[in-house]
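Heads up: the structure comes next, in C-alpha cells.
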Amino acid sequence: MSHASRRRYAYLGPSGTFTEAALLSLPEAEQIEGVAYPSVPAAFDAVRGGECEAAVAAIESSVEGAVTATIDELASGEPLMIVRELLLPISFALLVRPGTDLDSVKTVASHPVAMPQCRRWLGQELPDVRWETAASNAEAARQVRDGVFDAALAGAFTAARYGLEVLADDVHDNVGAQTRFVVVTRPGTPTEPSGLDKTSITVGLRDNHPGELMEILEEFARRGVNLCRIESRPTGEAMGKYYFCIDCEGHIADERVGEALLGLRRNSAHLRFLGSYPRADRQAPTIRPGNTDEEFAAARNWLAAVRDGNR
Amino acid sequence: MSHASRRRYAYLGPSGTFTEAALLSLPEAEQIEGVAYPSVPAAFDAVRGGECEAAVAAIESSVEGAVTATIDELASGEPLMIVRELLLPISFALLVRPGTDLDSVKTVASHPVAMPQCRRWLGQELPDVRWETAASNAEAARQVRDGVFDAALAGAFTAARYGLEVLADDVHDNVGAQTRFVVVTRPGTPTEPSGLDKTSITVGLRDNHPGELMEILEEFARRGVNLCRIESRPTGEAMGKYYFCIDCEGHIADERVGEALLGLRRNSAHLRFLGSYPRADRQAPTIRPGNTDEEFAAARNWLAAVRDGNR
Amino acid sequence: MSHASRRRYAYLGPSGTFTEAALLSLPEAEQIEGVAYPSVPAAFDAVRGGECEAAVAAIESSVEGAVTATIDELASGEPLMIVRELLLPISFALLVRPGTDLDSVKTVASHPVAMPQCRRWLGQELPDVRWETAASNAEAARQVRDGVFDAALAGAFTAARYGLEVLADDVHDNVGAQTRFVVVTRPGTPTEPSGLDKTSITVGLRDNHPGELMEILEEFARRGVNLCRIESRPTGEAMGKYYFCIDCEGHIADERVGEALLGLRRNSAHLRFLGSYPRADRQAPTIRPGNTDEEFAAARNWLAAVRDGNR
Amino acid sequence: MSHASRRRYAYLGPSGTFTEAALLSLPEAEQIEGVAYPSVPAAFDAVRGGECEAAVAAIESSVEGAVTATIDELASGEPLMIVRELLLPISFALLVRPGTDLDSVKTVASHPVAMPQCRRWLGQELPDVRWETAASNAEAARQVRDGVFDAALAGAFTAARYGLEVLADDVHDNVGAQTRFVVVTRPGTPTEPSGLDKTSITVGLRDNHPGELMEILEEFARRGVNLCRIESRPTGEAMGKYYFCIDCEGHIADERVGEALLGLRRNSAHLRFLGSYPRADRQAPTIRPGNTDEEFAAARNWLAAVRDGNR
C-alpha cells in the first residue's frame, strides 16, 4: 500500500514507545501510518484538527493506575470518542549502548511511570544508580543513544530503533503488568454493539450535596449496570472540586445503559459520553433480572397501553 | 332530569350511609342515581358487570386506617380504575327512636369502625351499654327503627331517613376525623392531569429477596416521587406473603411517575395501575431538581443524538 | 392445680373464640386460667392493670391481614411486650341449634373477618341468607343459642359450649388459612434468644421528608436484617399521617438487630420496642456476610484499638 | 536551638522544593531539621525506620490531582499516620542562570506535574522550547545551575538556593492553584479532635460484587458523613482491581465517623485508618439530624435499657 493512501494515526512518540507497539498491534495496522507526537494532548489535537483519523493513547496501567493526562484530555476541549481499547503486557528491559556493562551504568532514564515498576530490580542490581526522567521511554532510549544517559528502561523492541542493546530483560517487579490503550476518533455513531462492551463517560456533580456521588453510582446500580472503574479528577477550579471518569459494562445502545445515562443527564452536570466499545478482556456482562432490552421494551409497551387506556 | 337518563352510581347501602353522603357531595350529584348495594364487592361488581357506570366506596379513615375490603377488591378480580377521590369529615351522632332518653339505652349498634371512634364518649355517658355491630351505620339505624337495638352511631343526616332523632351529636372522640372515598369506573384513559394528582397502584414482590420492598420504594425515590401511603395486604397464599397498595404524588402522564412505574414493571410482580386522579387535599407535589417533564425530554433528546452520532 | 394458684391470662371472649383455642394450645395451658374480656383493649388493660399476667390476642390473619385493633393497642397506651407468637389453622363450621336444617337458615352471624373467608360457600349454599355481624364468632354462637340468629360461623369446637351442632364443616374458601396470635405481658427483659426469633417495633416518621420511609427500611437492609412484615397505621392526627408496625428477623440481643434499632432511634420518631420472641414458623434467619455477632465484636475491637493508638 | 536537639522531618529534596516550603511553613518549623530524601517512599521509610520523626509529602494538587506515589505509599508497607494537612499556594517562576534571556532558552525542565500547569504561558512565550522532566522542580533548578538545561519551572524561592535568577514570575495558567501536603508519623493515638477535622482511610472490595463500591459509600452517607475525596488506585494484582483512598469529614472520635468505619470494617476488605487531623481549609462539617454524638449516646442508652428490661 502506498504511503499516501494510508490512514494516519497519532501516537505518543518518538518511535519505539509502548504506545507505538499498541498501535502496531491493531488489526488494521498494515493500513495505518503512525504519526509520532511529543505529548498526548498534541496527538489528540491532531485528531481534533483533522491531521489524523485517530489517536492511540495509554489510559491506564495495572500497576500505576490512570494515565491522568489522557483522561483530562478526553474530558476537556473538543469532544473525542473512544472506539476501541486494547491491553498490552508491559515488560521492561534495560537498554544500553553496545558494549556497556552493568558496572559502568551510573544513570538510568525512563518515563516516570516506568521507574517504580522496576524499583526492586534496580535496588538490587544498581543500588547507587541515579534515576532520570524522560517524556517517554523511547525518548529515554534516544537520549542514551546520544550519550546523555547510560541506560534506559523501555520495551526490548525499542533497542533496535536506537542502535542499543538489551543488557537485562524483564527487569520489572510485577509479573503480568498490563497497560490499557484506547483508540480515539472524532465523535460519530458509536461502535456497533458486540455484546461484550464497555461504556466510558465523564460526569460532574451538580451542586455537591452530601451523597451526590453515591446517587450517581445508584443510577448504574438501579439498572444492574456494573462499574468497571471510577476515577476522581480535579476540575482545576479549586482544591476539593472533582469530576469523575467512569467505565461501566454494556453499550449505550443497551436499554439499561441508556437509562442510566438518562438518569445521569438529569441528575448531574457536564455529562460527556466518551464512547461504547468492545472490552479488551472479553468479559461477559452480568445483567440483573428485569434489565434486559426485552424487559425494558415490554415495560414501555405496558406503560403506553395504560396511558392510552388500552388495557 | 328524568330518572331513566340518570347515570347510575353504586354505593354501600342502605340509604343514609356516609358513602351515600360522599356520593351526594359529588359535583355531578344531580345527574346521578345512587344504587345501594349490601357490600363493597357487590357495588364494584355492579360496575364490572355494566349495571352501574361508577361506584363510590370508602378506602381510608384517618382514624381507623385502610378500608381493606375496598383495597382487596381493587387489587383482584376484573380491573377497575379510580377516577376521583374525596374527603368527608366524619362526625357521629347517637340516633334513637323519638322519645328515647339516655337512661333507657341498653344497646348501641354501628359499623365496627364507628364504635372505636366514639369509645370515650360511650365510656363516660353509657358505661354499661352493650355494643352491637351492623353491616353499616345506616343498617344499624334501620335496626333501631325496627326495635332490634336501642340506639345507633351514625351521621346525624341518617336520622331523618329512618324516623329517628339525634339524642346526642358529635359523640366521636377525634375532632377532625375524615374518611377518604374513591369513585371507580371500568378501566379507560386515565383522568386528565390536573397538576395536583395522585397515582395508585398495587404491586407484589417478584422473589421476596431481602430488601426487595426497599427496592420498590427506591423506584419512586430515585425520581423524586413522594409516597402518600403504603399498605401491606396479605395475598391469601400463606401467612407472611403480602402485596402492597401504594399511593404516590403525580400523574401517570408525568414523566417521573411513568419512569417509576416502568421500573416497577421490570422489577416487581403483578403491578396493577389503579388510576391517576386529582388529590382531594389539593396539595402541590414537590418535584426534585432533574425530574420535570422538560428535563426528561431534554435527556431523551440528548441520548438519541448521542446514539445517532449527532452531537 | 387449685384455681387460686393458676396464672390468669386475658383473652377476647366469650368462651369458644379462636383466641381461647390459641390460649389453650399454649404449652403452659394447664397452669393457666383464661379470663374472657369483651374486647382486645379490655384484655390488654387487664394486663396493664395487673389483673392478668398475660393476654392472648389475634394480630394477623393470612386471609384478612392485620388485626388493626391489636396493633393500635400495642402502639399506644402503657407499653406491653410480646413474649410469644403462635399460628392457628383457621377452619369455619356453620353452627346451628340442634335440628335446624339448611333451608331454615335465614340469618348467619359472625365476626366481620369470618364472613369474607366463607363467601364462596355461603354464595353457593345460602345465596339469600342475611349476614349479621357480632363482636366475636363465639358471641355469634351465643346469639344463635339465644335465638337471635339462625346460624353462626365459628370453629367447630365452639358448638359444644353453646349447645349447638355443626351443620356444615370446613365452609371457608381458603384452605390453609391461619391466624397469628401473640402473647403479651408487661414490659421486662425480652424473651431469651432462641436463634429463630423475630422482633416487633412501632415507629413514626420524624419530619415526613421524601424518602423517609425508605430510609427507615434501609436501617434494616444495611445490616442484612430481613423484614417479615410492615403495616402502615394512621396516627389519628390527620388523613395521611401514619406510623409503622414492623416485624423483622432476629432478636434485639443480636448485634445486627440492635444496630438497626439504634439507627431507627436516632433517625425516626416514637420508636417503641414491642418484643423479641421465637418465630412460630421456625424459619431460620439469613445473615448477610459481615453481620454476625462475631464480626460486629471484631469490628468494635478494631475501632477501640485504633482510637487508642494501639495497632 | 542546637542542631542535635532538633526534630528531624523527612521531605522530598533537594532543598528548594515546594515540599520543603511546606515543611518550613509548619508552626513547629523552628524546632525542625529538614532532611531531604530523593523520593517520597524514601522519606516515608525514614519515618518507618525511626531516622526521622515525621515526613512531609504532597498528596494532591488542585490542578493535577492525586499524588499517587504518596497515596500508594500510605496504603502499603508498614502503616503510617497522617497528623496534619496543609495547603500551599503554588506559583511557578522560570528560573535561569544569571544573564540568560528568553531567546536563548532552548530547554525547560521541571517535575512532570509542573509542566502542564504552565502550558499556556510556555506555548505563547517559548513555543519551540524542548520540555525536559526532572525528579523535582528543585532538581531541575540544580540541573540548570549545572548547565544541563537552560531554564527550570520552580518556585521563585528556589532561585537563591541554586544561584539562579527569576526570568519570569507567575508563569502558571491556573491562578489559585494549591497543593495539599500531609505530615505523617508512625501510628499512635490520633490527633486530638479540633471540631474541624478530616479522616482518611484506604479500603478494598471484599468480593467485587455489583454495587459494592456504592455500599461502601452508603456506610458514610447513612450517618450523614460527607466525603471530601475518593481516589481509585490499582491494587497491582490485575487490570481492573482497585482499592480506594477516601477522605471524609469528621474525626474517628466522632460517633458517626466511628460507626461508618465499623460498617466498613465488617463489609469491606483491607481497611486501613490513615489518620484524623484538622482540615487545612477550616470548613465546618455538616451533621445530619440524628447523628450528633449526643444522639448516638442517647440511642445506646435506650437500647441497653430495653435489652435489660428497664424501661
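Note that the chains are named A, B, C and D in the order they appear, and that numbering of residues resets to 1 at the start of each chain.
Note that in this section a residue touches a chain if its C-beta (ideal position, glycine included) is under 8 Å from a C-beta of that chain, and two chains touch if they have at least 3 such contacts.
In UniProt terms the chains read A, B, C, D = Prephenate dehydratase.
Just so it is clear, the structure is predicted and the values come from calculations on it, not from any experiment.
Engineer: Taking touch as defined above, what minimum step count separates chain B and chain D?
Structural biologist: 2
Engineer: Tell me, which chains sit next to both chain A and chain D?
Structural biologist: none
Engineer: Would you kindly tell me how far, in whole Å, the mean C-alpha position of chain C lies from that of chain B?
Structural biologist: Roughly 25 Å, centre to centre.
Engineer: How many angstrom between the C-alpha centroids of chain C and chain A?
Structural biologist: Going by mean C-alpha positions, chain A sits 61 Å from chain C.
Engineer: Could you list which residues of chain C touch at least two other chains?
Structural biologist: 218
Engineer: What part of chain C is in contact with chain D in the complex they form?
Structural biologist: Per the touch definition, chain C meets chain D at residues 79, 187-190, 206, 218-219, 222, 252-253, 258, 261-263, 265-267, 273, 289-291, 295-296, 298-300, 302-303, 306-309, 311.
Engineer: How about chain C: which of its residues touch chain B in the complex?
Structural biologist: 38, 60-66, 68-69, 87, 112, 116, 131-135, 174, 176, 178, 180, 210-211, 213-214, 217-218, 221, 224, 226-234, 236-242, 281, 286, 288
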